[in-house]
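Below are two complexes that have chain A in common, paired first with chain B and then with chain C.
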Partner chain A sequence: MLEALLQGLLAVLQVKAFSFMLLGILVGFWVGLLPGLGGATTLALMLPFIYNMQPVEAFAFLLGMHSVVATTGDITSVLFGVPGEATTAAIILDGYSMTKKGQAGRALGAALTSSLIGALIGAAALALAVPIVRPLVLTFGSPELFMLAVVGLAFIASLSAQGVRGMVRGFIAGGTGLYLAMVGQDPQAGVARFTFDTLYLAQGIDLVPVLVGLFAIPEIIELVVRGSSIAGTTKPGRIEGALEGVKDVFRNGWLTIRCSLIGTFVGIMPGMGGAVAQWMAYGHATQSARTPEEREGFGNGDVRGVLGPGAACNSKEGGALIPTIAFGVPGSTSMAILLGGFFLLGLVPGPEMLTTHLSVTFSMVWTIVLANVITVALCFLLLNRLARLTTLPGHLLIPVILVLVFIGSYTTNSSYADLVVTLISGAVGYLMVRAGYPRAPLVLGLVLGKIAENYLYISVARYDAAWLLRPFVLVLLAVALGVVLYPFFQLWRARNRARA
Partner chain B sequence: MHSRSSLALSLAVMVVSGAGTIAALDWPLKAKLFPMVIGIPLFCLAAAEVAWILLSKAPEEKAAEGEVPPLVARRRSLLGVGWILGLLASVVLLGFPIAVPLFVFLYLKLQGREGWIFSAVFTAAVWGAFYGLFDSLLHLPFPTGWLVAWLGFS
Partner chain C sequence: MNWKPGLLVLALLPLSAWAQPQPYAGKTVTIIVGYKPGGGYDAMARLLARHLPKHIPGKPTVIVQNMPGGNSIIAANYLYSSAKPDGLTLGTFNRNLPIAQLTAVQGVKFDMRKFAWIGSAANETTVLTIRSDLPYKNFDELRKAKQPVVIGSTGPGANTYDFPLLLKDLLGVNLKIVSGYSSSADIMLAVERKEVDGRAGSISSLRPFVERKLVRPVVRARSHDVDPAIKDLPVDESIAPNPRAKAIMALRSAPELIARPYVMPPNTPPELLKVMREAFVAAIKDPAALAEATKAKLDLEYTPGEEAMKVLDEVLNQPKDIVAEFSKYVKFGE
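This part shows the complex of A and B:
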């Protein structure tokens, strides 16, 4: 195994493979920065170019590109409040708040370092877990996947503000997200739900136009209102600020590791998707607040709200590769496209990837590691220049950001209706900000609604009520209850401390 | 504004979830189960929030130190919304390739009060990046605007 590990490294370091990886990194760097233009789309666009490549070169190119998209997507999210990727929206809540306080450098330092640690943990999981994870994935049927979605939904409690009113608003937002997820053709009975007889709504509401509208439009309007730069009158954090962000990650090392593990685990689970990992990690990060005052800081520039999703976003890639390589079961759209790459190259995912082609599998691990190290180093080199963008006058940034928002949203389905969805989401997002509603539960509901409904029906159809008694279902139910009750426990503990 | 926004949102959620639940009554069980299970509690929560807002005292609208006064903020917000809707209209009527440079130039000139030369150079740079990346490199399909097609320039 060690020999294959070394062979994998040497294969990636070959001039041709390394050059293809650098090319992939370059493409992924820009794709991540541009809002809406997703990693999956770019993977699909780049797939035809791998026909004449060797497997190691092709995966160095594709994975080099794909594994850095989330890292640079964080930059757009932190600096401009516009999600660079659908998977980097959670980081906006605290990252962009830090930018507005002039702490862009610190936020980016924390985001990039946690992304790197997350990627390394994801890659390590890929290297170590392939033989171990097989029984776990095979044990997880639709009942367990439904319960996993329920655990995700339980994080709505953590993503809401504290107190009864905060919880009510959080659950209204979460319920609205779940309701939006029901738009489209019902997969069980084939009924068109809330589609108003339109073809566009029959396929359901896409995540990207909603995310872009919900987060970007309110920030653009705020920028127009303030009439200043993003950083306002404060100066952006220079490299010292970035170092502070790096230190923050190590100060909260255990939290970073836990969020990376959440990302890896969600990545392993087929059908959960990358957008879930960041919100679960963010929800978990908010649970690290010890006092109500500390909890209030989340959403207003707490660095833990940056490093949690940052770590989970990148660690999920290694996790998602595990079922793709080991069983040919893609965990996400990107992995499904990558699976196409396997077949184009004449490779069959499964046991052969763990025996005959083990060095190719390890070359993927090394590609994730090297691509992330190179990208993070590059980002740190460009950090001051990037942070300086936040001091540009608003009227120079607004037209560029708005154009990118429109293009990013339109390219999701190449439909003007995507633009309308973005603007409606923008109006909802604006009202939510004004009214003090949390936006995160709405996104979580939208992401998990369809998954939860599908797996629930499959579970009931396959097992009737017996699925409720499966051991992993009970364990996950306990976890979900724990997640819901934890904010109340935090409040109770804080009150006790205050009395003492 | 805080409670007015909150009231508008909660009422909207009440209407949507209420109408959705009523619409779902006619569907088969498999299709209506989730909308009912989510819709009814959602309606109740939104109704509770509405009652909460109506029964509590509205906070006074005052600008904090360093913040933009509420009236100015409202006017600028409407201006921002106007620009966004303007971009949407120009994209639909003229298509992305014309709407993008037109919007950028007009925004810089009218809103930013930049000079002619700077506005033109900045617009050219943005259009070059747009055309080079999305059209030439990625070949993303941007349709001709309705007005342009109607005039026969497509």
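This part shows the complex of A and C:
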């Protein structure tokens, strides 16, 4: 295995492969930065170019592009509050808040560093998982995947505000998200639910238009009302700010590692989708608050709310490659497209990739590592300039941001109806912010709704009630209960400390 | 005799070639795809977009535009009413749209017969496969099964669901269909996990798993170009207990001959349709295209527009009672 590891590294460092990787990084840089150019769509568009490439070169290009998208997507989210990708929305909550306090440099520094660490851990997981991946993925059947979705939904408790009222609001928002996920055709009997007889709703509500509207539009409204620059009246943190962010990541080292592991684990589970990991990591980050006051700080610019999602977002890519390579089962849309790339190159995902073609697998690991290192280095060079953008007067930036928002929403499906959805979500998001309802649970409900429903149905149809007694199901149930009760535990512990 | 006019005519003769119409020279042809990038329909369209230009006189540029939504009903509606019939727009969509039209699905605003049909770029055959380590070695043994055999599927409207459903309800095979899996690859993982016992689907997508001996095919639907691996399997229609059941199974299988349909908007001038049809024939025979298709695991095979029209006639002229019965089993979906 060590030999294959070395071979993989040497293969990536060849001139041709390396240049393709740099090209991929260049493309991915802009795709991630600009909302609307989705990483998955661009992957599909790049596929034809790899026909005549060698496998290592082709993956250097594709993965170089893909691994970078999550990192640069964070930049748009932090600086402008507009999700650059569907997978970088969670970082807006604290990242953009930090920017508003004039700490854009620090937020970006934390985001980029945690992205790098997440990517490294994800890549390491990919490398180390090779011997155990098949038994691991085969143990996780539909009941376990359902329970994992339940654990994800349990994080709504962490994403909600403090106290009973906060939790009730959080669960109302989460429930609304779940309802929205039900819209469309149900996969068991083909019945159209809540479609109001329109073609648009027949395939369900798309995540990206809702995300973009829910998060970006209330911020834009607030920016208009405030009338200042994004950074407000504070002097923006300069390059020291970025270094501060880097130090933050290492100060919270264990949290960063834990969030990376969450991301990797969620990425490994086939069918969980790409958007879930960041929210679970964010929820876990909020659990690290030691007092209720600290907990209130989340959503208002706590750096831990930046590095958690930042790490998870990148680590899940390494994790998602695992079932894709080992089984040919994609964990997300981008992976499904990458799979097409496999076939084009004549590779068959499966046991061969872990034995005969092991060096190709390892070359992918190295590509992720190198691409992320290069990108983060590049971003640090540009950080200063990027952070200065937030000191520009709001009325200069708002039109640009609005254009990005609407392009981001429209290009998902080339449909005007998506713009209507964005506007409605924007209105709903604004009302939620004013009424003190957390928006994160709504997104989590929307993302996990279909997954949870499908796996529950399969579990019951296949195993009747017996699936409830499977060992991992019980373990995950305990984890879910723990996650829901943890905020109350935090409160109780803080009260005890106050009394002492 | 004055030979000067004759010389003038001779000199000007080459110009007549110049005067011949090259309607596609310098133009851009757009292929509208009713799905997002990354899927089978999109991959096929992009493959054709790469190889069509050299076979169309005038060598136009061919690009792909994705128009997802409503399971490609939106794209079909657009091609039917909004696209200009000037020969510069083609479209491809879900092969089951004729069935959507037949069963009057909400939102359908087209008549399949009125499109200018170029043809189909592939055809498919659906098979049912079960895990190799099960004791049933062929269809007869499967029919005698006492325990229900669990078949995984993605949902109604897909052949992963419809084909076993008809086997279960019309032929009485002891199957339990569990749907909700997010992709056919997910179902194969479930087969490996022994969560489900088999899956139905097109032989082109199941072939790697059959070759790996993970699953074994036991019964198939009608086929126009039988794959040798499944040639000897029993055909569902042939075992149908009565003419009505046979008609329903035939109706489900009919669109598989036009598995990758390509059309132009209604009232496209016949000369342009002819040019496009000939370009398709040539492109699909092109060795470079075939090589690419093999690499991408896409089946490439031309079915002429006239045969497509015959299939449409068969599907859309079914008597009302058959349609009513059919709708009870097969719903149009993802």
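Keep this in mind: the second predicted complex is superposed on the first by the 500 of 500 C-alpha atoms of A that agree within 3 Å, B and C clash if a C-alpha of one lies under 4 Å from a C-alpha of the other, contacts with A are read in each partner's own complex, and residues count from 1 in each chain.
Here, contacts are C-beta pairs under 8 Å (C-beta built on N, C-alpha and C of every residue); 3 or more make two chains touch, one makes a residue touch a chain.
Everything numeric here is computed off the predicted structure, so don't read it as measured data.
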First (chain B), second (chain C), both or neither touched by A:Asn454: second
First (chain B), second (chain C), both or neither touched by A:Gln188: both
Chain B versus chain C as contact partner of A:Ser142, first or second or both or neither: second
Which superposed partner A:Asn413 touches (first chain B, second chain C, both, neither): second
Which of chain B and chain C A:Ile368 touches, first, second, both or neither: neither
Chain B versus chain C as contact partner of A:Val303, first or second or both or neither: neither
Touched partner set for A:Ala70, first chain B, second chain C, both or neither: neither
First (chain B), second (chain C), both or neither touched by A:Arg165: first
Partner chain(s) touched by A:Leu358 [first = chain B, second = chain C, both, neither]: neither
Shared chain A surface residues [contacts with chain B and with chain C]: 45, 186, 188-189, 414, 453, 457
For the chain C and chain A complex, residues of the former touching the latter: 36-38, 42-43, 46, 50, 65-71, 73-74, 106-107, 150, 152, 154-157, 176, 178-183, 185-186, 188-190, 192-193, 195-196, 208, 212, 292, 295-297, 331-334
Residues of chain B touching chain A in the complex: 1-3, 5-6, 8-10, 13, 16-17, 20, 23-24, 27-28, 30-31, 34-35, 38-39, 41-42, 45-46, 48-49, 52, 68, 73, 76-77, 79-81, 83-85, 87-88, 91-92, 96, 100, 103-104, 107-108, 111-112, 114, 122, 126, 130, 133-134, 138, 140-142
Complex interface listing, chain A residues touching chain B: 30, 34, 37, 45, 165, 168-169, 171-172, 175-176, 178-179, 182, 186, 188-189, 191, 193-194, 217, 220-221, 224-227, 393, 395-396, 398-400, 402-403, 406-407, 410-411, 414, 416, 419-420, 423, 426, 428, 431-432, 434-437, 449, 453, 457
Residue ranges of chain A touching chain C (in the complex, touch as defined): 40-41, 43-45, 48, 51, 137-138, 141-142, 185-190, 192, 197-200, 202-203, 270-271, 323, 327-330, 333, 336-337, 339-340, 343-346, 348, 350, 413-415, 451, 453-455, 457-458, 461-462
